């Protein structure tokens, strides 16, 4: 009872396919490319290794992707997503200072006092930039690298969870 | 079953028992607890590591708090972060699941000190029962039969040889702080005794930070039978029958069932009575399991597990009782909603643990991404799993992928149903291997089907396979 | 339940009842039948259209035969192809599922002529009960209460007016050959009578190729309660209790449960006795359902369904009996393996039908691709579904995506459990919409929760919603 | 994501062979591309080694994927066998004559008689090329188009299912 799935479309030359093609065209470039790229993703995921090259064509439009040669390496398991967020910030060249524990973030040493840092401040590596209180323990938050405070992400006295970005630094230019 | 009336809310009370329960666990058991809380109208907070941020339990919970990185020591085993998360989210109680901090009296104590209800026995009861040697003494004192063994822990070679001589080989050396099949070694030859003793202590020190060990006579072809008990703070203790967990690979359970097949007449009553007596003697509260070895007409207490167990669904399937619901009720100070009358078992239930392990690499856990994951369904099949298509199995935790539980009127039909269910389970992805094939072999094994197996079943099966190869 | 002993194999017989059963259906019920056959050690052949070549039932079956294109008339409704497939694959019996050819006496006759066992009642019994007007007469003769209505079918306006006057408005005009909620119209005003009569006849002619219709008094706020019976060829008839199927949208059932809530004292016994009497009167064999309307203390027979029903799992959940297994046993000439004693229900079961329909487009069926499909699991939840991630819902067939069945000790806990289960069901994909939200509204409705609803529940809910909008 | 249901298979009687193609067309562009890409993914996963190149084409749209040559593994010849043959055949410009019903295929009018056609025979459109017996009815199998018999796929007296290719024709060149 073998079945010939692949055969169906192949023999389908004629009016039906023409009208399908019209429909495809009628979807507009965005929708069509979306369909095609998702289809491509299917194909790429199917293999245990990364392709060297892929081409998606729709009429005059095309997308071509080439992957670097990774000799003999099986599909690299992608990075766990918990490293993705800082990476995004990194795209802007910013460095996130994250909460090392679950707790409450404080910008100042005590209520009413001046914050450790403000946007625009220059900080040195190891300089305290805040506090996260957990189980009544005050955990100092230190800048990992020297830089300028670009943004304070979490407001004073707000709850934070592990790994949550507290503020963003623009690292001091090395060049 | 009509006596098992809507247990979620105390009679006359308007709201649920707790507003919010924090689940201090991961995987299928975290989801399991969230499910019952949801049915009881209780909000849930699931704490999770960075590796579990896309977990099914996190998706299902009302709220989640990321408490640390993937490595358990800094997240699921780190009490301050869990308690802080409970305080911040207004959780009045913490359900610890199984494993991790579920049997840690210190954690229960910290919860109490912070005004949070730990859903489990009282800390002092857990401490006493958690020390395996101490627990054995306590139960012997309460009149339970125990395996011949060392009176207390054994700390020097003189003691070791004297004890081993008294009880006779083979002996099993167990870590006092052990559990989950780790920290146990069997000694069959005298010249292995001292080296194994030293190795087990070293392992116990490394894994449990406690190098105390004790000795017991090892029962070669015994069955592992355990009794589920429920106890409340009002002096009520009921048992929900027994489970057979004899199908084990290296002290890890693979297949569990209830009722236990092929027990000699009177054995079931002896075990369940012993468990209830033991629970009363220990001042136990909540859901607990009394483990016994059974060999012929002999039975002996081994240990108590002070928590919900992986295999609790087989008891739920034959009794119709939601064990997690009873745990929560008891923790809230309510009496049990069930009597022994309600708990009368019906039919046969079997559970198979489908693990992400590679049979070709000696069942090493194999993390990977689940491309295809379609669990079985249909009549009298329950699946408890936190896995879903597209989920990536993290490398930090145990390899349990799914529990498949079936119910049928009799054991033969239950085995047929389990074979059907496992046969339709579709799991695949790059690098993903499972124990399904091994489970199918067990279910097809004539000794298992006859209900005449012991804890040595898998070794015997492996031996048979070797024999066949040798013969072929 | 121990009396429900291993029913798969006759005592003393070595092999299964049939070597091979062909499943002449698709979707979840085809998979359902394959599952039970597998458990009974019976090979399965699933026939399928080109649109179903990747179906779950095809994947699960031992063998499959493609019998025609997607359109049912040329595949699932085309007897020669199905019989040919059975003959070619050595199938001794055909299970027709529900819908399609399941209640077609001609098909049953063709099977018989080709030496194939049709798993269902005898053709002549199906023919008699399939004619709704004839069935009503038969049951009235057997002493069952029937709804006031036309003695036989009504074919002209004179007859129409005379009958309607006698029984009084509102009336319901039903196609004799109808079923599954199609070919029924309610008339509330005299000036609607003739046009509706003509329209219903036209529909009946188009859909069923049979324009005969009959009239019944329409019970405005009645409950739909049905009794499950099992009958063998040895004179044994047992009932497995009743189901309430009052939650309907346009005569299509959405939620079913057992036992029926809020029946007046004595009603359950009256209905089940009537069903058993009716089955004996009809010479019924196999699994069948007697449908009744219940209003206050009044009850009236409506029709018999000569097949397994969509909602059969709720009966399985409260009785522990596999209905498909009993169907197969009876078809093989064996006596029932269960007595009424075994069938005593325990707890409460509810089923919700999750359909691929778009609430925003008046519940039009919406085919599409399931990108995400993660059914609920956990304690006391059963899911019967043929859907899986990546599956494309074909446009040719009914919109049933999954049946979610829950069990609990009492009705309130069962409703809470169903809300939990539906809440965790993850279904998504381009163009895919489901009835889940509507089901959640039903489960939250105070009238439903009180068990006081009738078949007009959904109209009332819609009315309330309109009122609220008007008031807001 | 609307799809044009209007293109769903016509319900006209008789022409079973066409209905496969109709059905494909009736699914719409997105579904069609999806089936193709999933078929490709199936094919990629099925092989013990990664293909070097795959091309899915549908009218004006196409997806092409190339994989790097893995050292030590021979380049995959292509699609798995049950799907590959018709596809390759189609690539060769061959037309399949398929079974319109479930039944038994006969190459000759009666046992012992000469087959209707042999490989190499020229056939006219509408010419009988075989029989499928179903429920004791002999259904004549006719060539849809004129051409040369390139291959007989199913042996005499073998069971066939609906839509199964029976023989392959090389259509007569129009040019």
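We just call them A, B, C and D in the order they show up, numbering each chain from 1.
Going forward, a residue touches a chain if its C-beta (ideal position, glycine included) is under 8 Å from a C-beta of that chain, and two chains touch if they have at least 3 such contacts.
What you are looking at is a predicted structure, and each value in this text was computed from that prediction instead of being measured.
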Maximum inter-chain contact count - chain pair:
A-D
Let me check something: if the centre of a chain is the mean of its CA atoms, which chain is farthest from chain A?
C
Euclidean distance of C-alpha centroids - chain A vs chain D, Å
44
CA centroids of chain A and chain B: separation to the nearest Å works out as 38
Nearest whole angstrom, what separates the Cα centre of chain A from the Cα centre of chain C?
49
Set of chain D residues in contact with two or more other chains
1, 3, 20, 23, 30, 34, 38, 159, 161, 163-164
If a residue has to touch 2 or more other chains to count, which residues of chain C qualify?
65-66
Can you check the complex and tell me which residues of chain B touch chain C?
1-2, 4-8, 31-32, 35-36, 38-41, 56, 60, 313, 316, 320-322, 346-347, 372-375, 377-385, 388-389, 407, 409-410, 412-413, 416-417, 419-420, 423-424, 426
State the interface residues of chain D toward chain C in the complex, per the touch definition above.
1-3, 5, 8-9, 11, 16, 19-20, 23, 30-31, 34, 38, 101-104, 134-135, 137, 159, 161-164
Can you list the residues on chain B that touch chain A in the complex?
50-51, 53-54, 65-70, 75, 80-81, 83-85, 88, 368-369, 371, 392, 394, 430
So in the complex, the part of chain A that touches chain B is made up of which residues?
45, 48, 74-75, 77, 80-82, 101-104, 134-135, 137, 159, 161-164
